[in-house]
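Shown next, in structure tokens, is the structure this report addresses.
Here the chain labels run A, B and C in written order, and each chain numbers its own residues starting at 1.
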Amino acid sequence: MASTPRIVVVGGGSTGAGVARDLAMRGADVTLVEQGNLTHGTTGRMHGLLHSGGRYAVSDQKSARECIEENRVLRDIASHCVEMTGGMFVKRPEDSDSYFEEKLQGCADCDIPAEVISGERAREREPHLATDVDKAISVPDGAVDPFRLVVANAASAQEHGARIETHSKVTDLLVESGEIVGVEVEHGAKSGDRVHGVQSGRETIRADHVVNATGAWAGRIGDMADLDVAVRPSKGVMTIMNVRQVDTVINRCRPKGDADIIVPHETTAILGTTDEEVEDPEDYPEEQWEVDQMIETLSELVPMLADARSIRSFWGVRPLYEPPEVGSEDPTDITRDYFLLDHEERDGLPGMTTIVGGKFTTYRMMGEEIADHVVSKFGMDADCRTADVSLPGSEEFSVLRDYMDEFGLRSPIGRRSVERLGSRAEEVLGTGEPNPVLCNCEGVTRAEVRDAISQAGADLNGTRIRTRASMGNCQGGFCIHRLAGELHPEFDEATVRDSWDDLLQERWKGQRHALWGNQLQQAMINYALHATTQNRDHDPATQPVDFAAFDSGPGSDRRLGSDTVGEAADGD
Amino acid sequence: MAIDSEVLVVGGGLAGVTSAVAAARAGADVRLVSYKQSSLRQASGLIDVLGYVGDEVVVDPYDAIPELHEDHPYRLVGVETVRDAMALFDETVDGYHGDHTETNALLPTHGGTVKPTARYPAGAAEGVASDDRDTLLVGFERLVDFDAPLAASHVEAAGAPFSADGVTITFPGDLQADAKVTRYAKLLDQNSPVAVDGQKVDTRTALAERVAPHLDGHERVGFPAVLGDDHTDAVRATLAEELGVAVFEVPMGPPSLPGLRLEDRLFEALDRSGARYEVGNPVVDYEGEDRIERVVVERNGSRVPYSADQYVLATGGLVSKGVESDREGVREPIFDCHVPHPEDRYDWFEDGVFDDHAFARFGVDVGSDLRPRAAGGSVEFENLRAAGATIGGYDFAAEKSGSGVSIATGYAAGRAATEDLT
Amino acid sequence: MSDSADTPTEESFEPTEPNTGEEFEPVQVFPDEGTMDLRPGADSCTKCSTCDTNCPVAEVDDEFPGPKFQGPEQWRLKQTDDGDEFAIDDSIMDCSNCMRCDDACPSGVPLSQMHNEARGEYVDEQMSKLSTEYWRNRILANYRTSAWLASKVPRIANVAMNFGPARWVMEKTLGVTSEREFPAFATETFSEWWAAQGGAAGSRERARDARERRGEPLDADKKVAYFHGCYSEYNTPEVARALVRVYEHFGYEIVVPEQGCSGTPMFANGMLDDARRHAEVNVSSMADLVEEGYDAIASCTSCSLALRQEYPELFDIDGIEDVAENTFESIEYLRIHEDVRGALQDAEIEDELAEEFAYHAPCHARNQGLERQAVELFRDLDGVAVEDVGDSCSGISGTYGWKDEKYEKSMAIGEEMFDHMEDVESTTGMTECPTCSMQMEHGTGYDIRHPIELVAAALVE
């Protein structure tokens, strides 16, 4: 084919970013459009488990095999996003012995390295495990930071010439002569946002092919061209604990059920999850019983969870899909496999491919399959290289070093920072400028925040997902005003104030689900600081006050609107 | 035997100290016990009485008190008691302004906007926003809690009657990136020589020299609230003299130097009143049925009884753990006084960060005698009164009423306890 | 708003234990031997920074990142695979272990435990055992050993330890500052004096006489085990002797059990193994006595703090909780059990102690809630005035101010206290802590007394 094919990828989650990177590396002209931030949808709302495949070793061995394969790939190409914590399937006395054996056999069948260890050895490894845990199967589960991974994929795609447009919502598919030929996009309207690419207004982006990688939103995109993509969104809750109670992924070894996994993630532990089909991926109830169930059920595995501090909960929506003829009643029965829907084959409408289903761990493999599919349409013969080339940040680097000497940072702050930045650490931290810590909970410094702002613009949420700033125990209570300060003067005061308020609200959203004990205390302190001292709730910049009506100071002759007082005094 | 006094105040914040001072001045033998340090150190050091009723800004708090709902602590103690209590504060606590008028002042704070308050420390006085002198705000590069240029733009956006500019400078002495506010204050307090271009210059002079080139006609200069701790008046005076303009502090926190200084002034007042106090061990239990006979103070596992005739509960609210919660409910942990709260945890909060949250009003239920009441309305203990944020039913953050309610109810509780001595 | 339904009835009523934090039982999860998992302690932290504003080191040294960083933040950020040379930030060695942060925290974060554990780990894993710093710290921390040797030849030691050239060598080779004078060793240790008084048997007799005089039952259960600490033993036995006189005056029988160092200087230097050895001796002898109904008392506030707080936080030794619960500072114990306030109101001081005292509350006394004890107790005692010299730290923090590189910081911290001491009319100071008293004397030249000496002068002599 003579010219480079123009591809529009819709969706800035793991799948979209993975496809965009893959296609860009193969030489396609790629534009990625995302309605919110990168990871805005399901990717930003998952428990961060890097599957060993063990969870699917009995029920879905195809997925299990893919998981272990991709698990190995990601450890290699995304080392700065992955922490190899290891995982265990632990069995309580009441859990079935035969299922335990099936799980072990399943792991063997799928080439997942697995080893049975005694309850005692499991507790040596994880001392907070319940004393009556019988035994466990040890597997190579890990933790992965979805934000960092997607940002790195997008950055790599950009390096290979892709255009990334966040805060850009697809409003329509362009259909001409029975073919999809592009998308209508509305760019983020918020004033001063310097997000990726175009800031505001509408744009028509023409394409030789559109990839619909919008997960739970795939049906919405399909509707724009009267295509029926029956995604069955299923919600799951994740409850975040303030500290790690475990340093290994803990899975309950039983067939299926809610509240059966604890993932150590950065400074926290994430408890998951539920599985409930919902109508609308953007509007579904977030309920108390779900949070309570996480804590109560999982404290059967780790008793200290019952009284430990939770800092927030969030819900994600799985983009489950099954061919309509299967007709599962229960969402937990729907396969976790992914499906590539070629609308030319399926619906007779060429120009678009939709990818649905699947899971985060195998995002790259899905991306590869779509990219293969797309390039075949254009007769390109470029091979996939995403499994071989490290992501930006994951090139050779060492985490263990003398941070004080190198960057003037305290040990744990330096280490956390270098882990987040990977091979970009020198570039970002080695500025030689004074580098105070802005987010004390997560150890995020000014240099790292400024680097993130250079990518995310005025959107402090974008800075948050890149740095973890405001994601610790005070949930931004003590750092949001500091982060806002870093936006100024590059962005004007009104934009900064807007962005500040947005992040306050975003942090509040998740914290609402953790409002008891320590976190309610924290919420009250934050509220007192923000409302009492900072008057954020009645800011006279938005609720004007009559300055002249107020006290102008002790013994003052400067009372506003009564300047005669001063003159009279002079005259005497 | 028990450690004995006539009035025992539990809690060492604004409410507790005020009630102890009020009781001691009324002639009682008073002891105050406090577990650890109070939330005063986190607050701005401004003494708010009432800044908002609903979304309406309040110019005169005493005028606005009758608009509050009838169970509001101010309504329970009455406007005159609030006035008397503020008079006690003015008389016993040094270094505050605002008592020349009943009108609120608008003070700029480190968030960049202004807020209504009734009393302000001397250090903040020149910063009052209803004053048309042009203002220069100065921030320090490594002090991340105050961004002066942003605050200046913000205060202008708020419609202040003066023009404001902000500048960020490096504090003399090349302090490390994460130096604590107390380090800045100490350097200025001691006026220690710091190295500037190879010369040793006194800190205050060196700071003034760094600010001077930016003065540019501004008539007053605002600094983040780190201008000394023990000698803050002298620090400000030197800076004002060397700069030739008025100097003020912009309240910050937490951590808050103005809050620390207020705590010091309060404890000096407490000492002068003759009350005894101790800080460091929690009250964990009590003995008695309708009347509290004694309370138990825990000292590293040993339980020491303290007895008194009258008790004041001033342990604070959710912030200070005077009110606690778990997933099941909300309670007052020492005497288990009834704390009204919605049964469903998801009714404790609203969806917007500054909506009208139920949790912001959690606290014990009291009548006009400030005695905590059980769920049915009966008095919990005849010789126990509550004061300050332990009392529920009002949202101090939205109203900007925290300090005033603590002073008013502390005063009322301390006086009533003394009157009731048998 | 519907109220919660389950209000307890009077019968079922049990006050809820206030949340004082520290509810979890730390266990070992880090690979280094003995390092406990204190991450859950960070659950209580609200970032309010009250700890930071109480830190005397952060006030004079901006390179010190402060207790919030050293405690809840460093622990929360800590990782299980960081058993490398950069696991604990080396600034932990600049913490003086004054424990003011621990005392200040309004939310119950176990700060001193976090600091002690981190420092112990740092010294174990990251500090070279061949370094001068390590050996200097170890020698300073094991003051008892040096003092024991010196007490054998007190007069020679007093001259030799402060001999100029010797001090110059100590500073150059070990980094022990030559600015300070070593404290004088008494010619008769407290134990020697105690034995000469007939030991426990003699005390029992004197206590019975006192009860008879006071009209109390002869078999009253009034018995205490005295933890005198190293300093009262070797340097200021007059403090210990005053304590004996006061307690016997109130009818208490005293025993002086076998004891080592409390461990305070060892905690401060991260020498947790050394501290544990001494703690085992102390707990073992004290636990037996506690079981027999004795309470433990200490005249040194750092010793009482070690026994009642640091031991149970750091060690798992049989009987350690019982000892902690039954340990008191010496005057605190009398205030709880006797009407000392009344007795002092009726007394008068006329002798050489009739003057104004510049009183400094040691940080470790403050931690036990005792900062106002001396000031308020002597308020009504005729003939004396006790002036509080403010709430600053003295700056010496045991061995801290003896280190050459810390000396100037130590004096900068102490400056506020020295200034306030100078404001007091007389030239006599008062404090409960032996090393604070060294600092007070060093900074002002004042003579420093222990409050128990004043109680003895008022009530016994």
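The definition used in the following text is that contacts are C-beta pairs under 8 Å (C-beta built on N, C-alpha and C of every residue); 3 or more make two chains touch, one makes a residue touch a chain.
Keep in mind that what you see is a predicted model, and the values were worked out from it rather than measured.
Visitor: From the Cα centroids, identify the chain that ends up most central relative to all protein Cα atoms.
Guide: So the chain sitting closest to the middle is B.
Visitor: With chain centres set to the mean of the C-alpha atoms, which chain is at the far end from chain A?
Guide: Result for max centroid distance from chain A is chain C.
Visitor: If you average the Cα atoms of chain B and of chain C to get two centres, how far apart are those centres in Å?
Guide: 32
Visitor: What whole-Å value do you get for the distance between chain A and chain C if each is reduced to the mean of its CA atoms?
Guide: The separation of the two C-alpha centroids amounts to 49 Å.
Visitor: Nearest whole angstrom, what separates the Cα centre of chain A from the Cα centre of chain B?
Guide: The computed centroid separation for chain A versus chain B comes out at 39 Å.
Visitor: In chain B, what residues contact two or more other chains?
Guide: As it turns out, chain B has residues touching two or more other chains at 42, 178, 254, 321, 324.
Visitor: Mark out which residues of chain A touch at least two other chains, giving numbers and ranges.
Guide: Chain A, residues with two or more chain partners: 478, 517, 521, 525.
Visitor: Touching two or more other chains, which residues of chain C qualify?
Guide: Those would be 19, 47-48, 65, 69, 107.
Visitor: Per the contact definition, I'd like the list of chain B residues that touch chain A in the complex.
Guide: Residue list for chain B touching chain A: 42-44, 48, 51-52, 55, 57, 59, 97-98, 100-101, 103-106, 109-116, 125-126, 128-133, 141-142, 144-145, 147, 149-150, 153-154, 157-161, 177-178, 251-254, 317-319, 321, 324-327, 344-346, 348-349, 351-354, 357, 359-360, 396-398, 400, 402.
Visitor: Going by the contact rule at the top, pick out the chain C residues touching chain B in the complex.
Guide: Listed in rising order, the residues of chain C that touch chain B are 1-8, 10, 13-20, 47-50, 52-55, 58-63, 65-66, 69, 103-108, 308-309, 312, 321, 324-328, 332, 335-339, 366-373, 376, 415-416.
Visitor: Would you mind writing out the residues of chain A in touch with chain C in their complex?
Guide: 126-128, 242-245, 247, 267, 304, 307-309, 400-404, 410-416, 440-443, 472-474, 477-478, 517-518, 521-522, 525
Visitor: In the complex formed with chain A, which residues of chain C make contact?
Guide: 19, 23-24, 27-29, 37, 39-40, 42-48, 65, 68-69, 73-74, 76-80, 82, 84, 86-91, 107
Visitor: Can you tell me which positions in chain B touch chain C when the two form their complex?
Guide: By the definition above, chain B touches chain C via 1, 3, 35-39, 41-42, 175-176, 178-183, 185-186, 190, 230, 254-255, 260, 276-286, 289, 298-302, 304, 320-321, 324, 329-331, 333-336, 338, 340-343, 347, 358, 374-375.
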